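Below you'll find the structure, written out as structure tokens, and then a few comments.
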């Protein structure tokens, strides 16, 4: 049993940890196509796995992930026309986050980290936090950190993994970064032989609605995942875990 | 790898199953105190495990669970004053379910089963389905079944498990039924030695707000879980699985 | 004139009563088919009549009923396919109740009882109270009781009225209990010769959407109302009135 | 029994009437202070009584009134600081009306009249209708009339009742018009000896928030009700009934 | 540069003015047909121009106008069937106003004036203020004035402008008052030669939905604008400016 | 008079343009601190000016700007603690955009461009468009382009303007790009002598709530605007205008 997972421990164990100042992590993912080689749950699985690794390092607690995210956009997730992509309205995600933050505050949590694993979630999660903080009112002891885990990858690591130059996080949907991290955490869910071999998608700087599905490769992969490996995954994850641990310790004044 | 779980398979595998008429299951649980001996995730864990067993029997697909449910009420879940109980507003749960049903419809799913594992969820899930069906409009091919898994336990089984008489599902929060089923599915998460030994809670037929926390045992257990066993869990689960399988086959015209 | 009804008295009379600690009752009914022999307003009429009888006993005040309830479900009210059934969305009922509770609090009411006369209302009324109490904030002197009036019928009375065994409250829609109580309160609205003579409806333990209208008798009556009488109605009402009076006195510390 | 009231008849009677083209009336009132001499329910009582008189004349049906209206404003209803005034948010009233109109449409109602008895309701009722019509979509056979009953009083009648000049409908809250109409319909609820004897309230052309409660007479009466009589009430009601009957017949193409 | 406009000055200039007690004005208009001779922005343009003139007189600040208003109604704005009329739902306008008032309060503004230039906005603006004041809570120093600018025109002025009798503000949409005021403020946007020459629209005292577009002149002008002039505009504007200045000085205790 | 502005022309002129296929532009800005040297309206002013320049080039129409945007975030706009920054909730901006798009569709607009001038708006505008498109339904002829104007600046231009390297758009709040463009369009609103001379703000990759106001320079300027000039503004604007014109012509199949 993984006793860093909130859903695996009793309320009495949870309360004890909260009262001793434990940091609580809420992974926020999506159920979204990730090409023919990665599973639909990739975003929630990675956000959860990263949260657990960080929690282990600092004796934190990981709450159950929000598994459904904001609507997939063509330029970062392929778009809403894919079968399997299962998204919620902006208002729904805002409400989920607001309610969750409010509840953690009621528990007495003082250090809360929202770990986003789906690019499209960021602004609705931000609004959920803003509304919860307004409801909680000034003077509360709760501090919330919101992060996108891929932001903690160091530029040296990107240089190593992309010797020909990093194409940018926007095109990294179901590509080398996510595939390598899944090979690190959940290799049995990755079908390496299904990785499509086509060049990267090209997008204009604007968006069109109804979305132009012809802009998006039929596979759902925005740039090739060829060259992914568990080793690269480990490099990436190492940056992310150590980066988050450091940020959390610094902002929440934890003694290492 | 469990290939009945939607979050573990690629969108292409999922699409193939949906197009061949697979039944999709959405477990809807809660994060709620379940006494000192059961984990906070009990409701979502049981709804997910049952959904997977049913899916295996009929080649279905299980979507990621909704892990946060409607506010815990004193008489069926202990109430909102417990640390760890993490609930959402009625409007939030309604919206989550509405969005999810709408998305499964977009995928082409024709047979959808919402498996409720938390008593307080029922009416908000119902409204979520009602709103989604209104949005989808008449003439759609989607049919949705909503069920509470414990309703499938046969009376003969209850007679066996409760030879002195079944106290009623209302008081079964964190008691013999849930504990036995957790011993069947997740024995490593059950702390048998933490089961409190106190008589059942007694409630009037009405409710008071602010809730009367003194009505609820401090442990959060509404009637004793003593006497729980994996064997009893198996009996219960067997009824539930076979009952749901039969209902699903009948209503969705599946050939066994 | 009935001077226990809030809508029949002036604000000055109302204020005087509130300031002297009067209990305020809010009946919450529905406009819903009740078979060919009972009127569409049955749920609101019964909740109002019961509230008035209780108010007379303890010098309370009855606010105007909410006459439109949550969507009728096949297994407890026949379903939304009947002409005449006029229901509101869950969010609407939640908002109505939240607003009303907030206003009674502003008036200085300290003892408020919500009397539910429509089974489907319960959870949305609960959420309305929860939201109002959150808005009002901790420390307020308002206490709210929520009740379903039929819960106060004693088992001995059910034994008398159903010598062959009580079929359960679920099937009691437009059946012996409601018909007898209407014969007690509003005999001129009951058409005894219109009572249909068919066996009880049978429902599975799950629900289907779109609702299976073929599960529901075309009359809208879920089990026969034959054998209803004003005498039985009096028995039922006597239990209910005395039960509510006792509960209210106890919880609100009234001296009889 | 009044068989023009929807809540007093069975769904089968109601359906028969709707199918034969009956006009349905929905009274929309308020629970609001009306001075020391009129009851809190005045607005809903008058809207209901007028609706019933019109329904009798044209074989229509009157649905249960909405008894809670939009927030009372100082210049037309005294304001929200009075005890007993029980109002709902704009969004709540909008939702109530939208839901009701949608349901009447589902019943097959083609002629619906919303009878407003509370000045502050008008725009939120309008929005409720607008939203329902949008939901129903173009091409529906439902036509809705929205009216404020006092608008049907003829200027000759006003001249008779106010020989010194009509002070305007704005100040008629709890004054001669409402008091006279209540004396006509519900004389037992009017306390003539409680009518305050003070000059009319004077208001600037703008509004201030928080509301300036000092602008409003402490009695809640905006201009004196002295001189009210059942005879005047009959004059007013006669205009209103005949005016609405004529409008309804004309707009809905009824043959008298 | 017009340094009374909030959008033209820096936050530091704005803060200095707010801290010295400056009155802030928020014009609330519409984008709505105003006949063939007036521009679509008339309501926002007039509300803004008037706000600026008042601000100049008392050293106030004018915030950017809300340029989209509540749905145009046939009897006061022609209705929603006109091309160019661009309206928002009631809930949207309520939210815009609530958010704006909340923000001005956060800035430390103590004197806020909402200047309405579109008849249909009034009640939704009122609700927006009510909700903001509830959120802000009792004890705040913010006072808000809400006004419709045309209400400040003196009866003597109307007598001068309408020697044959004032037809009432209801029919003044795109007619003499608005046209004259636009000739005063924005003569280059008025096409005098496009003024239609038809008699006034006639409306019953009730409304019908779907709206009866045949009630409304095809031009969108409810009564003729012939006879409009910049001189009349100046007369009207003079009344309005001086009236608002006086009201603001009085209510906000400004020393002239 | 600028006859490319929708609010300056009559509905008949607007209708004629829409019917001939004109592209409609909706600028979406903010009211937000932009340092001591730029006005609070910068975002809406720039989005409007750019929209007008593009409209002139292709005979389009510019609708009135949305002048209030989503909440300012520390890392891109300084944050909500500044006086003068006047923001709306996410739900409010979503609703505004949804309503506007729906209305332009009703007008018969087939080519709509939303021009965003405030970084924080992007995702809420996206959701507003998504909701409007869902309401409008499939098969509609309306196509919507959403763009952030700064995305059209070419890399060669950035190289010219930032010979020492472009610090990234994130830090460009109230810095060289915005200041130069304001010097191009509205030089009289720029106070060059107020430009603060401090180094750029440094932010971690995560965010904290309550926001860490100490991360943000007290001036509100995220990186220095020194070196701004109207010439640089012209270079930037030229890229943006030509880029948008080209994109609009291409996507909407306009013949130049």
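By letter and in written order, the chains are A, B, C, D, E and F; residue numbering begins at 1 in each of them.
Keep this in mind: a residue touches a chain if its C-beta (ideal position, glycine included) is under 8 Å from a C-beta of that chain, and two chains touch if they have at least 3 such contacts.
Because the structure is predicted, anything quoted here is derived from the model rather than measured.
Chains that touch both chain A and chain D: there are none. Of all chains, the one whose CA centroid is most distant from that of chain B is E. Two copies of one sequence, chain C and chain D, touch each other mainly through matching residues, since over half of the numbers at the interface are common to both. A rotation of 180 degrees, rounded to the nearest 5, superposes the Cα atoms of chain E on chain F. Measuring from the averaged C-alpha position of chain B to that of chain E gives a distance of 55 Å.
The geometric centre of chain A is 29 Å away from that of chain F, both derived from CA atoms. In chain B, the residues touching two or more other chains are 89, 91. Residue ranges of chain F in contact with chain A, taken from their complex: 70-71, 73, 89-91, 94, 120, 122-124, 126-127, 129-131, 133, 138, 143-148, 151-152, 204-210, 243, 247, 251. For chain D in complex with chain C, the touching residues are 1, 5-12, 14-15, 18, 31, 33-41, 44-45, 63-68, 80, 82-89, 91-92, 95-96, 99-100, 103-104, 106-108, 188-189, 191, 194, 220.
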